[in-house]
Each structure stands twice: as structure tokens, then as C-alpha cells.
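Common to both upcoming complexes is subunit A, partnered first by subunit B, then by subunit C.
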Partner chain A sequence: MEKIRIEGVSFIYSKGTPFERRALDGVSCSFEAGKITCLIGHTGSGKSTLVNLLNGLYRPTEGKVYLDGEDIWARPKKITDIRRRVGLVMQYPEYQLFDETVYSDIAFGPKNLGLDAGEIDLRVREAIAFVGLDEALLSKSPFELSGGQKRRVAIAGIIAMRPEVLVLDEPAAGLDPRGRREILGGLTRYVRERGITLILVSHSMEDMASYCDNVVVMKDAKVFMQGTVDEVFSHPDELDAVGLDTPEITKLAQGLIQAGIVLSGALYTVEDVRDAILRYIGGNAQ
Partner chain B sequence: MISDITLGQFFPGSSILHRLDPRTKLLLSLLYIIGVFLLNTPMAFILYTLITLSLILASRISMRVILKGIKPIVIVLIFTMIINILLTSGEGEPLFSFLIFAVYKEGIIRAFFMAYRVIMLIVGSSVLLTYTTSPIALTDGLESLLSPLKLIKVPVHLFAMMMTIALRFIPTLIEETETIMNAQKSRGANFTEGSIIKRARALIPILVPLFVSSFKRAEELAVAMECRCYRGDVGRTKMNKLKYRLRDILWLTVGALLFAGLILLSVKSAELSALGEAMRILFYKI
Partner chain C sequence: MNDYFIRCENLSYIYEDTGESAIPVFHPALDGVSLNISRGEYLAILGHNGSGKSTLAKLISMILTPKSGKIYIDGTDITDETLGEDAQYELRRRVGMVFQNPDNQLVATVVEEDVAFGPENLGIPSDEIRKRVDDALSLVGMQDYKRHAPHKLSGGQKQRVAIAGIIAMHPDIIIFDEATAMLDPIGRRDVLAIMERLNREDGITVINITHYMDEAARADRIVVINDGKTLLDGTPDEVFSNVPLLHEVGLEAPQSAELIHALREAGLVINSNAITPEGCRDLLIRLLSGGDR
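Our next item is the complex of A and B:
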């Protein structure tokens, strides 16, 4: 079932000035309920613009955005309700922290929802656990944390609002591999547990292969391809044409295949390839 | 969107105004601004309107952009006009009166002139300077014009550098404000509803991150400049040296002639000598 559907959406920055720029051009795509969808595309292809439309921060110049089949701009006065249902973590969210302690910063969103102190406390602690931060940090100033910790605090701030749809714009950009795994792993575990729809913006084909169900590929302000991970990976030449590389591990597997080691099945993650190799060895042993 | 503000923005282009030496444009706008305050006959107003229109044509900036630049001050302007109309008393009978106010012909004329002057001031200086001169060229020109002050130990270069940096970071700051506002909106912040106190409090989540990043950026910039051995203007050469050309001399001559004509037009009936009157009006108005 579709959670969010976008129909013929165009978005123009600085409309009516010489700096006018069409960042989205007739984009249509949909995001399935309870699934993890990866939004992928090269720099400047319009990914961030698209996610800012999903929770009504921007209003489409043309076209419609539907949440559960309802046009989110049907009643512009109620757009804050949409923002509560669709939680958006923007690119580089660590620059938005402002409060004195990590605790009160994470509590900012729930407070705006009008929750009572007990509920807020519950949600803050739950959120911080999901992003893998220690409770000892709660009383610290957010400005004393490392970049990766700040990022997690910012993500926790949205999780604590318990949105139905979680949208993250490059949550793992600029983090080391372990940090990436922890953040993305924690997030995917959280959304699968709760049946939340997750939309993940990424540059990385590896992330997409390891964490996502569906993929939307963007190119030059348009949707270039859309489907399940397997469907999209079955068009390596087209992916190459948009400047998206197949994962390193897939290249390795292809190298092995060319060397005569016949691997089968999906070969997009290290685990895939490990299993394929084990199958191959097992098959040869019999 | 805030980033759509056009007042004070540079629009790259290749019109004759774009190509003039920044010093020429600075001098011309000085004359232009003094001229605005000299206007006091209908003939002079017509002349000024024509001059301004030809400047707009020469800049090849679209009328839409110019009107957009005036838009932010329209409300203030209307408000001051009303105050002017209501509070100016004149000789003879009022045109009409209501409550405690009496409206005189003088008040209306004064309000009109005031609005006309402000609009001309904004249009003229944006077309002559900000719209058609890059911030760098502008400060270069200013530094060069003010360089005689170096003799009396005024740190002209320092001021010019500070201005360049400030101008350079205005768009960045606007962009950042917008990003942070969007981020806090995503967390349920509301800047447009509630009492004044509530709205003022709602600004904290914007201002704190903005200050933090501004200080951080200032520090990084300072380090970057020192790494490139910046140590003020002593012994510093310029890549693009300013040079007066024939067209600059032509424009300056025409400007000076028009200015002289304006003085004659404005003060021809005065008892005082033309120049004395001009100075008097000038200092009185400023």
C-alpha cells in the first residue's frame, strides 16, 4: 500500500528572478507503507528538494503530494499536522541543535506536540537508545559532542516525535563505516519494529543494497528509475549512465565470476557475496 | 521564501552599467543621492524620473526585479505617508478634517515627495551599485576612493576587507536561516502563531544555531586567511587593478552636467546663491 504518492510535482527555486532554477521537473513516484525506500541520485539531482516537499516545508510549484491518499496542501493551515506525521531529518542536522542540554534538545519536538513531562521523558530515553547514544550524554551540552554524536541527537529529536513516516536526508554522510552501520542499523531496526515507513536519501549504493526494500533513482530533476532493489540493480548500465556505481562488493563478485567462480543469487552486499561463496564452496564439496 | 529578497543583491550581467568602473558608479550614486534631496520643482522631478528610467534601461535589469526590490519597504512607506499627511499642518484651510486630524494640501505634497524620494533612492542606488556591481568590485572601488585617508592613518583597507566579508556572507546567512527555520519547523516549531512573547521565544531555536555557526565560520575564515599569509594591505598587490576608461570619463562628465543642471533647476528662484541654498537644503534634509 502506498503511504506517500507524488504526482507530477515540479519545484522552482527563486521563481521570477534571474536565479530561477527548476530543481524538480514533473516528478511522480510513490513510497510504500512500512517499507524502506532509498532515494538515490547524483549531487544536485533534486533529492533534498523532493524530501522537503514530503512534509510540506516547500509547496510544489506544480503537482500534488498525497499522504494516505489525501492531498497534504488541501488545507494549508493544517500543514503543521502533516509535519508531525512525516518526520524529516534534514541534511547535516547537527547544525540545528540549540538547547542547553541534549535532553531538552531532543524534547523540543515532543514538547511542541504538547505532551506531558512523563511521556516526553519516556520518548527521549527511547529515542536515544535507538540511535545508540549513552544516557550519560543527556545532561551534556549538545555543542560539546562530536559531529557523529550531534547527528544522532538530531535524529533522536525527530524519532522522539514518533512520526508515521520518517524521512532522512543523508543521515550517514561524512561518518566512518562503523558510525554509518550503527546509525543506519539502529534506524532500520526501529522502523521495522514499529512498521514505520522510512525514506532514506543516500549517495551510496552499498547502503541501498543493505538496508532498503525499494529504490527511487533521480537524475537531473526527474525520476529516472523506480522499483525494488533487485529490479534496479538488474540495470547496471543505466545506473552507470547516471553516475551511480555498483557496490564495490558486487564488482568483486563479478570479478570472481569472470575468473570462473560461478556465484549465483543477489550479490549486492558483503553478506550476499559471503553466502554465495559459501554456496559455491558447498556445491563444489558435494 | 526569505532567499527571494532581491534588495541588495548582485545580478551578474554585461550591460554598460555592469562594465563601468566601480569608482565611477560610486561617485555617480553619490551625486544621484544628493540630487534626490535637491529636487523641489516639478521639472526636476520629471528630469529625475527620466534619468532613473534610463539607468534602469542601461542596466538591463528587468522591471520585475526592480519592483520586487521596492516591495519590502512598501508598508513602511505607506505608513510614513499617512503619518506625514495627518501631521503636517499648512497655511490656509485644511482640505478636510476628521477626528483630531486635519489634512492639508502641503501634507499630501510632502508625503508624495517623501515617498518619491525614498523610492528613487532605493531604485537608483540598487541599479547603480548593488544590482550591477559585484560586492568585491564595490569594496575595491570604495577602498580606492577612500585611499587618501590612509595618509591620516585611517585603516581603509581593513574596513574594505570587513565590508567585503560581511557582504559575501549575507546570502550564506540568509540561506542558513532558512535551513534552520525549516529544520525547526520539522520539529513542530511554529513561528507565526501565538502571543508576541511566544513568538519571540520561538526565535531562540533559530538564533542560537545561527550564532554558533557564524562564530565558527568567522574563526575558520580567519584561520584560512592566515594560512594564506594574509596580513593586511602592506605590500599587497591586486589581481584586477581598477582602471578608468573613456566610458567612465564620459559617464562622469554627463553625470556632473546633469547634476549642475539639477541645481540650477531647483534653486533658480532662491534669494540665496544657488550653491548656498543647495547646501542648506542638503544638510537640512539629511
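Our next item is the complex of A and C:
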């Protein structure tokens, strides 16, 4: 089922000035409910503009954005409702922390929703658990935390709003491998448990292979490809043409297949290829 | 052996955090690290966030001064407090550093003025500056942008301009502190290619501090820092054969090395290691066609 549908959307920056630039050009795509979709593409491909359209921060120059089948701009005065339902975490959100304690920073959004103190407390504790931080940090100043911890506090602030759709722009950028796994693993667990729709902007084909169900590839202000991870990965030449590399492990598996070692099934992660090799050995032993 | 280009002896550094409380809190960042680097070496430093690797870089580039221990660059003790101002300037010229965030490194409103900023401060004659700026910009492939405004460039382009600004100082050593972390794949590839060309063709000693294992695998040598200490020091083959230890300290190996480790865990007997997809493919072909079993 579609959670968000983009239909024929164009977006033009500085329209009617000499700086006019078409950042999106007749884009149509959809994001399935309860699934994790990776939005991938180069700097300048239009993906950040698309992200800003999803929760009504930008209004399309042409075309429509539907949330649960309803045009989000049908009643422009109600657009704040859409922003509550679609939570957006920008790049490097740790620069947006501002409050005195981690607790009050995470509680800021729920407080503005007019919730009572008990409900706010529940949501703050739930959100910090999902991003994998200890409750002991709640009383600290966010500015005493490490970069990776700050990032998680910022994400927890959006989770505490309990949005139906969560959009994250490069949530793991600049983190070490463990930090990446903890953030992306925690988010995946959260959306699976709650049936939330997750849209992940990423440059990493490895992350896309490990965490996502579907993929939308943007190129030159248009949707270049969309489909399941399997479908998109089955077009390596097209991916290469937009500067997206097939994961190293997939290339390795393809090399084995060319050498006559017939591996079957998905071959996008180290675990996939390990299992395929073990199946191959098992098959030959019989 | 006294002829190492960079010699770090028993370095320690402690961050003092006075914060809001009256009693200072001490965070040891480096704890007795010794490290020798040869002239022209291409070294990668790995470690999780907070491991102390950036502190080490800041000590070598004289941004910080060690609490104890010595650093020698080309035989000069850079921690010597009696070092004159001229000698300090000269050392800072010789050790360049490129940081993670491209937006924090550019100072001027025109690309070529930004690149000229360092040489101008060295008091170099203007025709020589002109030449250095042009050479540096063409080396990073940004000559066509010399009159552009830096803030309108992409992250990768900004980072290339920042590198040109360092190159124009004619340094002997360049430290890249997670310089590719905020870039997209194309920006990353460009910066890495420049890094390697400076090392191979111009003999510049390159230290690449990174979270990307595939970048580290390309270096001559890898040093892994953990909890302020040197954990591993060796060739990429040697370092990446310690997969369980790397996992323990929050790191990974390149996917090829991870695959071999995972197959061993599943009970296969594999006697050699590989860290590149080509090496791993050949090893697995031998293994699966019965040659190595």
C-alpha cells in the first residue's frame, strides 16, 4: 500500500528570476507503507528538494504530493498537521540541539503537541531507548555528548513526535562503523515494530543493501529508477552510469559466478554471500 | 633508528573539561603512543569516534601540545618550548591538515584568493603566489573555478579547494582528518585520487585518518588507535587479518576480509587472507574448486 505518492511534481527555485533553476522535473514515485525506502542520487540530483516536499516544507511548483491518498496541499492552513505526521531529520541534525538537557530537548516536540507530562515522559524514554542511548544521559547537557550521541538525541526528538513517516537525510554520515550499525539498526527495529514508513537518504549502496526494501534513484531532477533492492541491483551498468557503485561484495560474488561457481539468491551483503557459498558447498557435497 | 621523518615518542594528551562544575574533569585522549613514520609514506589511521586518532593528528600538526612525550619532524623537536617563532612557522608550513567539514576551512569569497591565503601569509612575492595558486588549482582539477565563489561549490569541490590551499604552502606532510566523511561517492573518489597522486608523484607524506576501511586498505600501512593507545600497526593485510579484534573495538575490515572471516566462523578451513575483491575471488576459486582444501 502506498503511504506517500508523488505525482508529476516539478519544483523551481527562484522562479521568474535570472537564478531560476528546475530542481525537480515531472517526478512521480511512491513510498510503500511500513517499508524502508532508500532515496539515492548525487549531490544536485534533486533528492534533497524531494525530501523537503514530503512533509510540506516546500510546495511543488507543479504536481501533487499525496499522504494516505490525500493531497497534502488541499488545505494549506492544515499543513502543520502533515508536518506532524511526516517527521523530517535533516543532515547533521546534531547542530540543531538547543535545550539545557537531553530530556528537555527530546521533550520539546511532544510538549508543543500539548501532551500531558506523563505522556511526554513515556515518549522521551521510549525514544531514547530506540536510538540506543542510556537513560542516564537524559539529565546531561546535549553539548557534553559525543558527536554520535548528539546525532541520536536529535533523532530521538523526532521519534518522540511519533510520526507515521520518518524521513532521514544521511543519518549515519561521518560515523564510525559501530555508530552506523547502531543508528541504522535501531531505526530499522523501530520502524518494523511500529509499522512506520521510513525514507532513508543515503550514498551508501552497502547500507541500502543491508537495511532497505525499496529504492528510488534520482538523477538530473528526475526519477532514474525505482523498485525493490533486487530490481535496482539487477541493473549494475545503469547504476554505474549515475556514479553509484555496486557493493564490493556483490562484485566479488559476480566474479565467482563468472569463474563457474554458481551462487544463487541475493548477493548484496557479506552474510548473503557467505550463505550462498555454504549452500554451494553443501550442494556439491551431495 | 633516528632517521624517521616523523617520530612520536610516548605521547600523552588529556582534555580538561571545566564545564559548569568547579572541579575539572579529565579525559585522557592519548596514553603513551609511540609511532614512527618514514618520508613519503602513505599511512592510514583507524579508530572509532573518540579513540584519540584526531588528537594524534592535532599533536603532529602542532594544533595541540602534548602533556608528555616528544615529537620530532625531520629531526626537529616540535615540542621544544624554546623553539623560535620562525621555526614554528616553518614547521606549520611543512605539516598541512585538511579537516572533515569543507565549510569550516574556506576563508575567502573567491576560490583563488582562498588558495593564496596561506602563501600570502608566508610573505611570498606575488608572481610566485600566482604560480603556486595556478599550479595547486590545476593539481586538484579546479583551475576552471578559480574566480568562483567557494560557497556555491559542491562539498567535494570545496574540499579540493581546501587541499589546493595546503598544496600552495609546499608542505612535506599532509594529514587528512576524515576529509572524505562528508562527501558523496564522486567527491570521495576525487579527493582520494588527489591524496594518492600527491603521495606517489610529489613524494608528500600522507596520513589519512578515516572511517572507510576500503580507503585504509589502499595505504602502505595502517595504525589502529583504541582508547588512546596503539592497538595494531602493520600492512593492510596484517591489520585486516585481525577481524575479531577489529569488531571488538567497533571497527570492521573490508568486505572481502569480512567474508573470509565469516566463512571460517562457519567451519571452513581457509589458510590465507585477502583484503581486496580480486584477491578474495582468486582465493575462493582455489578453495571451492578443491585446490586449497
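By our rule, the second predicted complex is superposed on the first by the 284 of 286 C-alpha atoms of A that agree within 3 Å, B and C clash if a C-alpha of one lies under 4 Å from a C-alpha of the other, contacts with A are read in each partner's own complex, and residues count from 1 in each chain.
Quick note on the criterion: a residue touches a chain if its C-beta (ideal position, glycine included) is under 8 Å from a C-beta of that chain, and two chains touch if they have at least 3 such contacts.
Since this is a predicted model, take the numbers as computed values, not measurements.
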Check your understanding: Touching A:Ala209, do we find subunit B (first), subunit C (second), both, or neither?
Key -> neither
Practice item. Return first, second, both or neither, reflecting whether A:Gly243 touches subunit B, subunit C, both chains, or no partner chain. Key: second
Review point. Touch check for A:Ala173: first (subunit B), second (subunit C), both, or neither?
Key: second
Exercise for review: See if subunit A has more residues touched by subunit B or by subunit C, and give me that chain.
Suggested key: C
Check your understanding: A:Leu278 contacts which: subunit B (first), subunit C (second), both, neither?
Key -> second
Check your understanding: Once the shared chain is lined up, is A:Leu145 touching subunit B (first), subunit C (second), both, or neither of them?
Key -> neither
Check your understanding: Is A:Val217 in contact with subunit B, with subunit C, with both, or with neither (first, second, both, neither)?
Key -> neither
Check your understanding: So, does A:Thr17 touch the first partner subunit B, the second partner subunit C, both, or neither?
Key -> first
Exercise for review: Name the residues of subunit A shared by its contacts with subunit B and its contacts with subunit C.
Suggested key: none
Review point. Which residues of subunit A touch subunit C in their complex?
Key: 42-44, 141, 144, 146-148, 173-179, 203, 206, 243-245, 247-249, 251-252, 255-256, 259, 261, 270-271, 273-274, 277-278, 280-281
Exercise for review: Can you check the complex and tell me which residues of subunit A touch subunit B?
Suggested key: 13-14, 16-18, 52, 55, 57, 80, 83-84, 87-90, 93, 95-99, 108-109, 112-113, 143, 157-158, 161
Point to revise | Of subunit B, residues touching subunit A in the complex | key: 1, 3-4, 6, 11, 62, 64-65, 68, 176, 179-180, 182-190, 204-206, 208-209, 212-213
Practice item. Give every residue of subunit C touching subunit A within the complex, in rising order. Key: 17, 19-20, 47-50, 100, 154-156, 178, 181-182, 184-187, 211, 213-214, 250-252, 254-256, 258-259, 262-263, 266, 268, 277-278, 280-281, 284-285, 288-289
